[in-house]
């Protein structure tokens, strides 16, 4: 059985297939914990987890916070506003100070690609990437893979369509790495202005025909359209986008019966998907949120926990 | 003995007299917990309470936070700024996401009347109204009733004067419902521009003579005057208000000997009451704050706790 | 053996030499706790510590927060923004409300000198000064003394140079009191516009020759230069300051072999010290951060803990 040996969680790329599966299996037993009456295990009692969110995020921050609390860890939370950063201190300085307070893990989100990697190179605590720039968002990809496996039983050979702003999406990037590694067939779809050059080299197909993609997919990952992109001239208009790529009930009439519609949240209802679809029969968006806590518990547990076998953990 | 059966705490109106008394009795034993050296019981260990405050409030938020912590619950706190709401997500979307993280209760404050009710209709966790618009603030009314009963031994037949901006006060509204249900005699008093039309239909008397109201009252609930109201033309000026309705030592010379002066806080000293009165012999304003924690512990316990009898809880 | 009897920690001045040593000794055993796998003791379980930070501070707030959490206390945190203060409530009102919620300690930082003392006069909980105006920052001085004693074995007869904006520095003031009380020889050094009138009366020497001070010192405390001071005409320019008083590698060539370079953080690299020096062989800046948590645990423990002997605590 695979043993966990990594010190940081920075990317999907540098995880082996076995390591991804170990995270997903561990998450499965932690999901069970969150469904109990007492949603808490003492696994990380007396350890400190620091949340360094230099970019706004309710969902991801709260998900990590709950994951840490349900493992009985202590938490310190630092956001960009109100931190020493406004006094001109560098991110690395802030992080070195946090490290000096004997924290066991630093969860970092930053709008600049590569910040988690730089921190990992300079810090002793485990660094967890909670999203960096347009580059990577590995815990999101892991919770997406967990959700697919839970709902469809497997990831291998599953047809996944990723729809939207592929160019700027760290969610797309991390999912492409993870899904292809686990044998899924991935097609990316979106306006050509939002399609990365030579994206096929990542092992995906490209389509500009959303109806075709819907028809063939077992899973449709709908990405959030950032309204700012319009000002940057990537998009003619939000309305145009919604018309050509927005997922609505009408478009889903040729969808497979067991289609899963996923979205990393927060959704722009009426833009990338209609309210009806977001709340509809195919949507597993809230399952993703639930699974996010379990996956993050698994990651914190594997990075910070003591060497116990999976069987021992399951008796927690 | 009354058993607790409600799933949410939205309003005073839909509580029976017996349910109100059950909350007050339960709060009494929790008040004792907060006076101990170890101010903590394990009652809600492993449960998660979410605080969704879409309106600024130190006092109420901290009071709920401490109540939850002293019951050993885990807490996640989301405020308007820094949440996904700034990304255009709806309140219900935010709440559904929080629900998906397996929280047991959602405590919500919002400037729009009816938001807690809407959440309760769509969420599985218990919803607790921590103040909505000008409509209701049930936990404030419960802590006020607790304080009256504690100080005067009963609520029935007590003369209560509520003074100030009755029109915009959720505190007044919830207290009127609760106090009349428990048999108190309520008189509301304030400028006619701040008096709701047909307020008598709520079972209260109306007076515009503050001296008369002071003379007859066992309890004087002084409401906070919001300075913004002046701009909205509800008030000629703050100074005028203070002159005609402000409670000062001079005015209290005909007060009953055991008068209680209450205020939901934060006080505007020199406006609705003088500093001397706020800190004076009749004031129970800080008792209200202390009792607020106990009442909120009781509510969280009754909504989320397992079925134990009051006697069992008292051995906690 | 000295017993702890103080109720508040407001200043270094009113601590005896023995009390300072008791804090440092207690901190030593708590430092050991923070190096364990389970960095937590149950000493303050069920007690509540309130953090009232009316001035921005990541470092100090997080340090106190971790100190309280590692003692198992519950924490409530109130900052200036988002508090009732924006509704016009006074600091004392806020503090009396917090007190009414049965907190055991109030940790306060405020830009006005004397605020912690005023709170202590009116509150029953222990008040801890986390920095007030330009006046005092006793926990910083205690962690600095802890660091010196840890690194050099003693404080008596040690030559300490304090360099920078002595006039506005609460760190300088508290360290001068503490270090001279413990027998260190202190020299202050900085631009004459930033030197308090008659500073010698505090028992220190004054020098305007930074090279001389570097040469003689066992410890160099480098203060943060606040860029705002330039606008206030205390400084010709930041560049001028850096040129004449900035600590860089060049300047350190005549330094003693075991020199300690300290800084209360956050550092302005390139202003009061170069990046090379901040990260260099003499720097103990991050040790200060680590020791800060231990010293604050000691203070909270001594103020709030029950009467146990030091020996008993050491078996925690």
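Just so it is clear, A, B and C label the chains in written order, and each chain counts residues from 1 on its own.
The rule is simple: contacts are C-beta pairs under 8 Å (C-beta built on N, C-alpha and C of every residue); 3 or more make two chains touch, one makes a residue touch a chain.
This one's a predicted model, so the numbers in the text were calculated from it and none came from an experiment.
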item	value
C-alpha-based rotation, chain A on chain B, 0 to 180 degrees, nearest 5	120
Copies chain A and chain C touch via same or different residues, half shared test	different
Chain centre separation (chain A, chain C; CA means) in Å	40
Multi-partner residues of chain A (each touching 2 or more other chains)	none
Residues of chain C touching chain A in the complex	34-40, 56-59, 62-63, 65-66, 69-70, 79, 81, 227, 265-269, 286-287, 289-290, 292-293
Touching residues (chain side chain B, partner chain A) in the complex	45-48, 74, 76, 78, 82-84, 86-90, 93-94, 96-102, 306
